[in-house]
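For reference, chains read A, B and C in written order, and residue numbers begin at 1 within each chain.
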Amino acid sequence: MVQPKHHVIIGSGITGTQAAITLRERDPKSRITIITMSTLLFYNRYDLPDVFRGRTDWQSFLVYPPSFYEELNIKLRRGSRVVNVDSTRKEITLGHKETIRYDTLLVSSGGRGYLPEELVDFRSLMHNFATFEAAMNVKKILPENGKVIMLGGDMLGLDLARNLIQCGYTVTVITGEHTFWPHTVEGNERKTFMKALESMKVETFDGDKAEGIASIEEGKKGKPARKIIFKDDTVLEGDVVMPFFGLAPAVEFMIGSDADIERGLLVNPELRTTNEHIFAAGDVCQIWDKKDKSYKFFYGWKNVRAMGEVAAKNMTGDNTAFVTTQDEKLRLDKKGQINSPFWEYD
Amino acid sequence: MGNISTKPVYLEDKLAEIKSDGKLEYRSKALPTWCPGCGYFSISEGVTSALNNLAIKPKDTVVVSGIGCSSRFPFFVNTYGFHTLHGRTLPVATGVKTANDDLTVIAVGGDGDGFAIGGGHLSHVARRNVNITYILFDNGIYGLTKGQTSPTSSLGFTTSTTPYENHDRPLNPLMMMLSFGSSWVGQGYAGDPGHLGEMIEQAIAHRGFSYLHILSPCVTFDKTDKTYGNLNMQVKPIPDDHDSSDLMAAIAMAQNVHKPPLGLYYKEDRPTLADGLDEITQQSGGGKNVVTAKAAE
Amino acid sequence: MKNTDIQISICGSAGDGTIAAGDILKRALAKGGFKVIAFDVYPPEIRGFGKCISRVRVTTEQVYSLKHHSDVLVSLDDSHAIPHVGEVRDSGAVIYEDTPISGVLEGSHISAHISPGQIPYGLPVREISEKETSGNRSRNIVALGYLAGLIGMEPEIFHETIADKFRGKAIKITDMNVAAFDKGYALGQKTFKLDDVTVGKAKKSRNKDATITMMNGNAAVVQGCMDAHIKTFFGYPITPATTIMEKLATEMPKVGGRLLQTEDEISAIAATIGAGYAGSRCATATSGPGLALMAEMLGLGVVAELPSVIFVSQRGGPSTGLPTKTEQSDLNLAVYGRGGDGQIIVLAPTNVEGCYKCAGKAFEMAEQYQTPVIVLLDLYLSNRFETVELPKQSPFTKTSNKAAKKKDLEGGYKRYAFTKDLASPRALPGQENGMHTITGLEHNELGRPSDQPRMHEDMSAKRHNKLLAALSHHDITIEKRFGDEGDVDVGILGWGSNFGECLEAMFKAREEGIRCSAMKVVMLSPLPLGPINDFMDASGEVFVPELNYEGQFANLIQGATARSVHSYTRVPGSPMRVEDMLVEIRRLAKIKKAKKIGKTKKAKKKAA
């Protein structure tokens, strides 16, 4: 008897989950394991700003009910961190010292919020918005009509910002090179979008003009909980400070494997890494672009879901190349408000 | 001792005798139902005279027995009596004594009762040194059930259950009881009532567990082996120079099964079960007559 | 405020402090004013790595059994806990070690077995324990602290309970464990909670005459014995009764009582009966195999009309059977297990408080009715912890012996005189003029052996009928009905430790709209036939669930009432599943409905 194949997927986000669904369709007898650090089942990150509208039950965010995993016979390993991938033995090791053998491995661990070097020391004074838990945390500490200072202002942040404003909070974005990430908007175009931000009641503050951030401190008693001191001595006060500097691939655990890494895992258009049994998809990988002769990141849920599907096909014997279908243009809607294809989700 | 009677003791003779002494108080209105000539008569005689001599009141005496001809004994003495189950004489006696230290508890029973079915209890009552007297009526046969082999039946003895003769080696009760840690061990003979009475008296007087082994013919079912005739020829007194505090000497003497020495084999003074239990009471910080306090959960 | 009702399972190996953690948990919660029911499962082997599970159900209102599903599982040893992950309900929590010492292959870590509906909480138990106590001995306490923090229990009651637990040991040990607890607690509080398991406020009792404590059935038996002024106890160790003797061995000497470990159960019951004969309040404790050995002696107790109390904690049988598993299969032995017509009194408490009550009352009954009294428990009840309210004043008599008076002794004392209440005045050894000999032989009023047919008949009747008075013994529940009054669709007739499950099933059935009530029968011998027949009259279908294979109680009832019941038997070695009972109750309710419809149809036909 042939042993069923074991497909292991690192990351339970949209990429990993889509891959699992496709794998199950194409290889009904296989073992499929998804490993995630999260203690939650796959949920919709795009909905997280809803917590400010009182949607605080985590179950309501779930994309699939628990039974989905059982019905598709997908083993979901929550609360598990991958610490090593040994590509010779085709074995991964989890933080709690359990080893799991795979036949094919898909790395779809996504990206985590990037933090510029000079801000690392102030990490504990900032709040991220990457998980449901983090979102609930911000909701808990943010006073009614409170003020959020948003650093960087990538598209994830701006999405949150427009939602916060709708909910009666104020938001000040400290703009800089990461504003509008992953869109690249420059020159006049940038000016238009900046204006549009203001029309959306998003306050902006040019961080570069103030020579960058010198420090972040706790506010005095009776004052807002945080203050940001710029190098030109300007001080901004707010209730929470949230960094939004785009995403950086989460790939540390792959260093011991023989898959090549630049910033993300390097894959060919078929999403195969330099190891034939290891694939990568989603925000974690850089895909070879034959035309440009360079490795490129592709963002947006349509892209990453498509990558999950392509990787799954190729893990089960296909040889399909990933082609982006994602519209990447930042635009203004009829009301003159910013709209990004990266905010769309179905 | 000396003049060993060659005659069995007969009821009629006894009746005349007992009318004249104080022992009557200890006698039940019920007359023994044993076969005329049975060795047991002299044992009941010995017990009543011992109690009389020791001035132990009938109301303070409990005779506990098992089942067997011998175990009918309590019915024939005017004390408190408990005719229990086959083999359970000793644990019942232990219970009675543990419940009330003031009682004189005498356990009686046959060789089958004590060494067959009840054999498991012997060692424990001995090692605990329960302050009771155990009088074992050894006729080498099951009397009540009409003559089957017993754990003390001789090799080659034929009975209804060993019609082709007995091949099971008999036990050595004296050696057993000595090795189990009895603090008083002696042997008497139903054919020598005078000596037997003295032995019973000593046994009851002993503070601790006293074991008195009595050789007693079953005139009805043993016509060949442990008869008065045979036993009269065999028994002999313990030599005067025997040191009754010397356990090894006592055990050596107990080997002499063919010429059974009669008298006191061994005696030792040591704490009784009740002494130990009282000690535990002390150790627990409690005491007698303490009103029950709440048990700590 | 929502009422609290949560069940926590802690599972690990014998060396992990599993039972100790469960013990602290249940004691702390009881201290906090909650109602607690707890049951531990041990391995049959003593040391080493056998599986232990401690299950604790915590509620605001009194409940009657453990739940089938736990809300939280704490694993101290994955290899043992993995088979129990399925016990945790959806949205319940699984707490486990995330920093094990050595690596394992896929599937050997518990996180591999947590279902998508359950919430995983991995934590560095070992690392914290090593930091706080320079060893991994306090892993259980760290995990406990985490649990307490996670579900929102007050830490102070745990500090006190930990201090109690380590009382007598070096202060440092208490401090280290409290520190370990606090570290776990802080982590638990900080954890982002996804499960919905929470603890609310407890209710305080107002009964001034009672003390609220938490104890298991065996401890309650001991407390009952002590409050009843037990004087002598003889026993031979056997699971699950042993702890009765062990606790009594500590407590009895403090008040001048005497306890002896005998060479076997025959000796134990013989000495007990001997002591009872001598007028002492006496008892022994055993399980099925020991009770079998006691059978002959109990017959002697019957015929000689002597008091004795025998606590019997059942385990799986026959023979050595399942020594560490629960079962209700010694009913036949307890009720019938003697040669001859050997009727005695058999009491089967249904909960821990009942153990206390039955223990004390058993002595009164044994003396008053001059009979052996068996108090029939089982492993589940012996080891099950419950919060109980015990009276501050002992509710039991010091003695219920019917002493022989002077006039009884005049002119030939009749130990077995035929009296109005059938229990004859008893002279005790040491009493002047009361000398008599008692015997296991049939006897006349004087106690002398007699095989006269009339005498045997009269004495048999005396021994049988005198026990009937026990059915109206003061201040004890003989039987009791719960749930719907009047006619019901399904009547559950239950007994012993299983009655808690019967009650839970009954309440659930009522929630589903089934008219249902449950009756517990505490006195199994003699049977309270009047109330049982009334209950059967009122019940459309009579459902008799019990933890044995043959349906021993059902057979007893059917034999005694000549009416049929629905016997439902299971022998899983563990408590009966309420859910399974419910399925049966629903089925019976349907039968009842069908019959009703059939009846009305018939009636209509007739009318037409």
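The rule is simple: a contact is a pair of C-beta atoms (placed from the backbone, for glycine too) under 8 Å apart; a residue touches a chain by one contact, two chains touch by 3 or more.
Keep in mind the model is a prediction, meaning the values are calculated, not measured.
Student: Once you draw an edge for every pair of touching chains, what topology comes out, line, ring, star, complete or other?
Tutor: Contact map by chain: line.
Student: Mind having a look at which chain is the central one, using mean CA positions?
Tutor: Given all protein C-alpha atoms shown, the central chain works out to be C.
Student: So, what's the distance in Å between the C-alpha centres of chain C and chain A?
Tutor: Computed from C-alpha means, the inter-chain centre distance equals 56 Å.
Student: In whole angstrom, how far does the Cα centroid of chain A sit from the Cα centroid of chain B?
Tutor: Their C-alpha centroids are separated by 95 Å.
Student: Counting only Cα atoms for the centres, state how far chain B is from chain C in Å.
Tutor: Computed value for the inter-centroid distance: 44 Å.
Student: State the interface residues of chain C toward chain B in the complex, per the touch definition above.
Tutor: Contacts found on chain C: 213-215, 219, 222-223, 225-227, 229, 231-232, 234, 247, 250-251, 253-256, 258, 260, 262-264, 266-268, 270-280, 282, 296-297, 300, 304, 394, 429-441, 448-449.
Student: Which residues of chain C touch chain A once you look at their complex with the stated criterion?
Tutor: Per the stated touch rule, the residues are 90, 97-100, 102-106, 108-109, 111-112, 114-117, 119-122, 192, 194.
Student: Of all residues in chain A, which touch chain C in the complex?
Tutor: Chain A reaches chain C through residues 39-41, 58, 66-70, 75-80, 93-101, 133, 136-137.
Student: Which residues of chain B touch chain C once you look at their complex with the stated criterion?
Tutor: Against chain C, chain B makes touches at 28, 30, 58-60, 62-64, 67, 74-75, 78-85, 88, 90-100, 102-103, 120-121, 123-124, 128, 273, 277, 280-281, 283-297.
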